[in-house]
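Heads up, there are several structures right after this.
The following pair of complexes shares a single chain, chain A, combined with chain B in the former and chain C in the latter.
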Partner chain A sequence: MKVAVVGAGPAGVRAVERLVAAGLSPVWMDEAPDGGGRIYQRPPAPLARDARTLYGFEAKRATAIHDTLDALKPRTDWRPETLVWHIRAGAKQMQALHRGAQQRIDFDAAILCTGAMDRVIPVPGWTLPGVTTLGAAQIALKAQGCGIGRRVVFLGTGPLLVLVAYQYAKAGAEVAAVLDTTPFATKARAAPGLLLGGATFAKGLYYTAWLKRHGIPMVEGITPLAIEGDAQGVTGVRWRDARGREQHTACDAAGMGWGLKPEAQLADLAGVPFRHDAVQANWVPVRDDAGRTPVPGIYLAGDGAGIGGAEVAELAGARAALALLQDAGHRIDPIDTVTLDRRLAGLARFRAALERAFPFPAHLARSLPDDAILCRCEGLRAGELRAAARAEAATGPAPEMNRAKAFTRVGMGRCQGRVCGAAAAEILAAELGRPVPRIGRLRGQPPVKPIPIVAGAAP
Partner chain B sequence: MKLVRLRDASRPRIALTLEGAPIEALQGDTLLTALLAADAGHLRNSEFGDGPRAGFCLMAACQDCWVVVEGLGRVRACATLAEDGMEVRRG
Partner chain C sequence: MTTTCDVLIQGGGGAGCSAALHLAQRGLRVILLERGLVGGQASGVNYGGVRQQGRHPAELPIARRSREIWGRLKDLVGTEAEFTVTGHLKLARSDAEEADLIAYLDVAKQYDLPLRMVGRNAIHREYPWLGPKVVAGSFAPEDGAANPRLLAPALAHAARTAGADIREHAEVVAHAHDGARFTLRTKAGDDFTAPVLLNMAGFWGGAVAEAFGESVPVAPLSPNMAVTEPLPYFIEPNLGVVGGNVYLRQIPRGNVILGGGHGENDAAIPWSRPLPEVTIEATQRAVELVPALAGAQIIRSWSGIDGKMPDAIPVIGRSRTTPGLFHAFGFSGHGFQLGPGIGAIMAELVADGRTDIPLEAFRIERFAT
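This part shows the complex of A and B:
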């Protein structure tokens, strides 16, 4: 039986571990030069910090993933630096690109562990050099030993906001301010549910307390107004505090993000249907609790199957592999699946509380000024989408995201709407007076990332 | 944009060029780090005239850090390791 696994983050590693234990040797691909995913990304040699410095409280987990990953590589058809850019579930075939050369991968079953990226709300000035996602700020430090600037503002909401600020301050960068768009009261209401998270919740409190103790300004319930800059890059962030007063923080870089969104393009191309998850405020591919999709032979695990975090990803990877094995007629220890299911259900309750503590602030996306860039690939401004939506509504049938894309080029650029998609949907929904689930989502298109034109599909 | 080296900065040096001008970097740098920790300031200009860009996601997804490397063609600076002698142009 030919099994293909895409992604070697926490979900991919634990999935492959189970497959190998069952005697299979899957084709295992990751776009990056090494596994570990984004959370446990290892710096390239000769960067040489120890796991404790790199991963903090997660050092043990990171080391365990790395050890398993390295042990599995020789027991699988391990293919790093391999971008899977198309999948055809009917033909049971993937197309991939490795160092400019095309590869065709035939499979009987596939587990897609494609991860997530930052969910972003555009802010006027967000295309200036010196503005990155929170995840980017973290990767710069973790994988390259660099800060995105000398004096940095972190803006947005969610667990990553305080974590990155803490990591920067610990590494010796000046954190000018941590600007959280979520009001204190919202988090306080979710606190009882957050206690379910135990250690994870405690770590969040620890980072916050550490930052406060070190005198780093932390403000909740803010509204970002603009990131300002000149020819050299970012010079400051303008924002409004909870009492309506305008504030300015000088800085030379800003990291921003509002939670994560699944990188689910391959699931989309495989024909997996999507549903709008109101708690996550994300479109997520449809799957059962074990990771089975309605498409035969296609299994999903990790953040690419809906945001759950690294701990969930490990369990979900193992669970999806067991589902695949079971469907293929292997004997599975029922205690194993029951244990995994129970742990996953427990973590799902904590995750829901986390989403309630840091809800996606749709109103911020909806109030993006007309002259601000919405789609950074196409240089499209918010007002252009609003104008097209109004014109469309007057004439044509029910407009939705893909029509809006055809009319305005929103999400048509090089990133295929990964970055602007969530905000564009909010703006379109507001303009048309419809809920986001009825606005639809940008459909995935092959290749899922730009590839050289000379690199056609492998026969 | 200027990346600031905070950790792991004692590594062997490598030399590359950006638009013909010398750039000093460290082994293990991505192209994005090599250029922005030096004084490149930005990596490309938006095709739509709205100004310079210097990457955004650093995880090979947003495609906002394209540069051109002699012999390799167009690459994402965040996902390409800098190598000694590379000749880079803005993307």
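This part shows the complex of A and C:
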């Protein structure tokens, strides 16, 4: 039986571990040079540092993932630096790009552990040099050993906001401010549920306390107004505090993000249906609790199957592998599945509380000024999308996301709407006066990420 | 509920929407039924070529008529749908292909289609970015390209403004004719009735014809399309080749749109998608024509569903079995340029009972057994 696993983050590693234990040797592909996923991404050898420095409280977990990954490599068909850019679920084929060369992978069953990316809400000025996502700011620090600036503002909401700020401060950067768009009261209401998170919740409190102790300004309930700058880059962030007063913080870089969204393009191309998850405010691929999708032979695990975090990803990877094995007629230990299911259910309750503590601030996207860039690939401004929703447009109003894309080019550039899609949906929904689930989502098209044209003998 | 009108149109591609517009402008009560959104299949996702050169001689009178409408599209519908007269340069990559281009000059002359041969010396002087495999070309200065995503919605919007009733998400599930009137039932259970029915349902036009006892061998056709990231603008003309296995154009925004070969589809869903190996082949053929495209990134690929006839020209004209039924489907990949003209011609057939455009070659009888 040919099994393909896409992704070597926490979910992919634990899935492959179970497959190998059952005597299988899957084809295992990952975009990065040495796996680990975004959360445990390893720096290139010349920048290697000890795990404690790189991953802090997560060092033990990171090391365990890396050690398992390294032990599994020789027992699988391990293919790093491989971008799977298309999947044909019916034909059971994947198409990948490996160091500039095309590869076709045949499979009987596949586990897609494709991870997540930052969810972004455009802010006027967000395309200035020196503005990155929170995740990118963290990767710069972890994998390249550099920061996005000397004096940095972190802006957005969610657990990553304080974590990245803490990591930057620890690494010696000046953190000018941590600007959280979620009001304190919202978080306080979710606190009882957050206690379910135990150690995870405690770590969040620790980072916050540490930042406060070191005199770093931390403000809740703010509204971002603009990231300001000149030809050289960012010069400051203008924002409004919870009492309505306008404030300005000088900085030379800004990292921003509002939680995560699944990188689920492969599941989409495989034909897996999607549903709108109101708690996460994300479109997520349909799967059962074990990771089975309605498409035969396609299994999902990790943040690509709906945001759950690294701990959930490890469990879900193992669980999806067991589901695959069971469906293929392998004998699996029922205690094993029951244990995994119970732990996953417990973590799901914590995740739901987390989403309630840091809800997606749709109003910020909806109130993006008309002249602000919404789709940075296509240079499209918010007002141009709003105009396409109105009846006086020559094409008639766009009733849903893909029509809006066809009319305005929103989400039609290099990133294919991965960055602007969530905010664009809010803006279009507001203009049409319909809820987001009713206006649909941008359809996935291959390639998942850009692939180069390579000269070769045309057949 | 039953709704009555003068003309029913099944299919909201460019041709169907143009027919609705032209009929509504003549004061007829028109209802157009479209299963999805207008321009959702071949009309909306094709390459966007507005090309007359190289067409089947029988199609040239329609192409000329349509080109005239393209030229005044802004007045007709309020947008030119990004129609730009860039010229179309058809390239030869061998002596045999060059002979093909030369032979077509006579055809073009017969139909007053301006066409200029660009010979072996001139081709690389005039277009220094062409690769060494190119040996000659023929240039049609009136041709160009437009944005397929805008055409059908703009025609539909103008048709609505002119009084036509364009119904989207209205899938027809049953056809009937009582000798005088057609009744079409939609999935939602609504009935629509009229003495005239225009079958403009693309690939699915075959099923409509079948419902009235005239079966035709139409097959689904899915163009394999891709687009690059924006590059500095340097390819002005719309490019094709003899044989048609690759075609590409650049828009002023910088993206290069390229196609060649066919993707996969399931017309029953409907669903279509490009095939990775076909996309890769098309990019290799494209880089042979324009070597500077090497290294450019493909950011998206897509497909749609058109109807292909065995002789690669559409079915246009009166039904052989049912009075009041008119066909215009199976455009075999040529429908985008022809669409606006087809709509005008269908309006003439219905309202005047005749058209000056010769349609003999397109009669459905050619498939009668």
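Criterion: the second predicted complex is superposed on the first by the 445 of 459 C-alpha atoms of A that agree within 3 Å, B and C clash if a C-alpha of one lies under 4 Å from a C-alpha of the other, contacts with A are read in each partner's own complex, and residues count from 1 in each chain.
Keep in mind that, in the parts below, contacts are C-beta pairs under 8 Å (C-beta built on N, C-alpha and C of every residue); 3 or more make two chains touch, one makes a residue touch a chain.
All of these numbers come straight from a predicted model, not from anything done at the bench.
Chemist: Tell me which partner A:403 touches in the superposition: chain B (first), chain C (second), both or neither.
Modeler: In the superposed model, A:403 contacts chain C only, not chain B.
Chemist: Which partner does A:127 contact after superposing on A: first (chain B), second (chain C), both, neither?
Modeler: First partner only, chain B.
Chemist: Taking the superposition as given, does A:452 touch the first partner, chain B, the second, chain C, both, or neither?
Modeler: Both partners.
Chemist: Is A:414 touching the first partner chain B, the second partner chain C, both, or neither of them?
Modeler: Both partners, chain B and chain C.
Chemist: Which of the two, chain B or chain C, is in touch with more residues of chain A?
Modeler: Partner with more touched residues of chain A: B.
Chemist: Figure out whether A:95 sits in contact with chain B (first) or chain C (second), or with both, or with neither.
Modeler: The second partner, chain C, only.
Chemist: Examine A:221 and indicate which partner it touches, taking first as chain B and second as chain C; both and neither are also allowed.
Modeler: Touch partners of A:221: none, neither chain B nor chain C.
Chemist: Looking at A:45 after the superposition, I want to know if it touches chain B, chain C, both of them or none. Which is it: first, second, both, neither?
Modeler: In the superposition, A:45 touches chain B alone.
Chemist: Which holds for A:183: it touches chain B only (first), chain C only (second), both, or neither?
Modeler: A:183 contacts neither chain B nor chain C.
Chemist: Once the two structures are superposed, pull the chain A residues common to the chain B and chain C interfaces.
Modeler: 413-414, 450, 452
Chemist: How about chain C: which of its residues touch chain A in the complex?
Modeler: It comes out as residues 37, 44, 77-79, 149-150, 153-154, 156-157, 160, 228-229, 264, 273-274, 276-277, 279-281, 283-288, 291, 293-302.
Chemist: Touching residues of chain A toward chain C in the complex: what are they?
Modeler: Against chain C, the touching part of chain A is residues 85-86, 88, 95, 102, 104, 269, 393-396, 399, 403, 406-407, 412-414, 416, 445-447, 450-459.
Chemist: List the residues on chain A that touch chain B in their complex, please.
Modeler: Where chain A meets chain B, its residues are 31-33, 38, 43-49, 53, 117-118, 127-133, 135-136, 139-141, 143-150, 171-173, 232-234, 252-253, 263, 373, 376-379, 413-415, 418-419, 449-450, 452.
Chemist: Which residues of chain B touch chain A in their complex?
Modeler: 1-9, 11-12, 27-30, 33, 36-37, 41-43, 46-64, 66, 73-74, 79, 81
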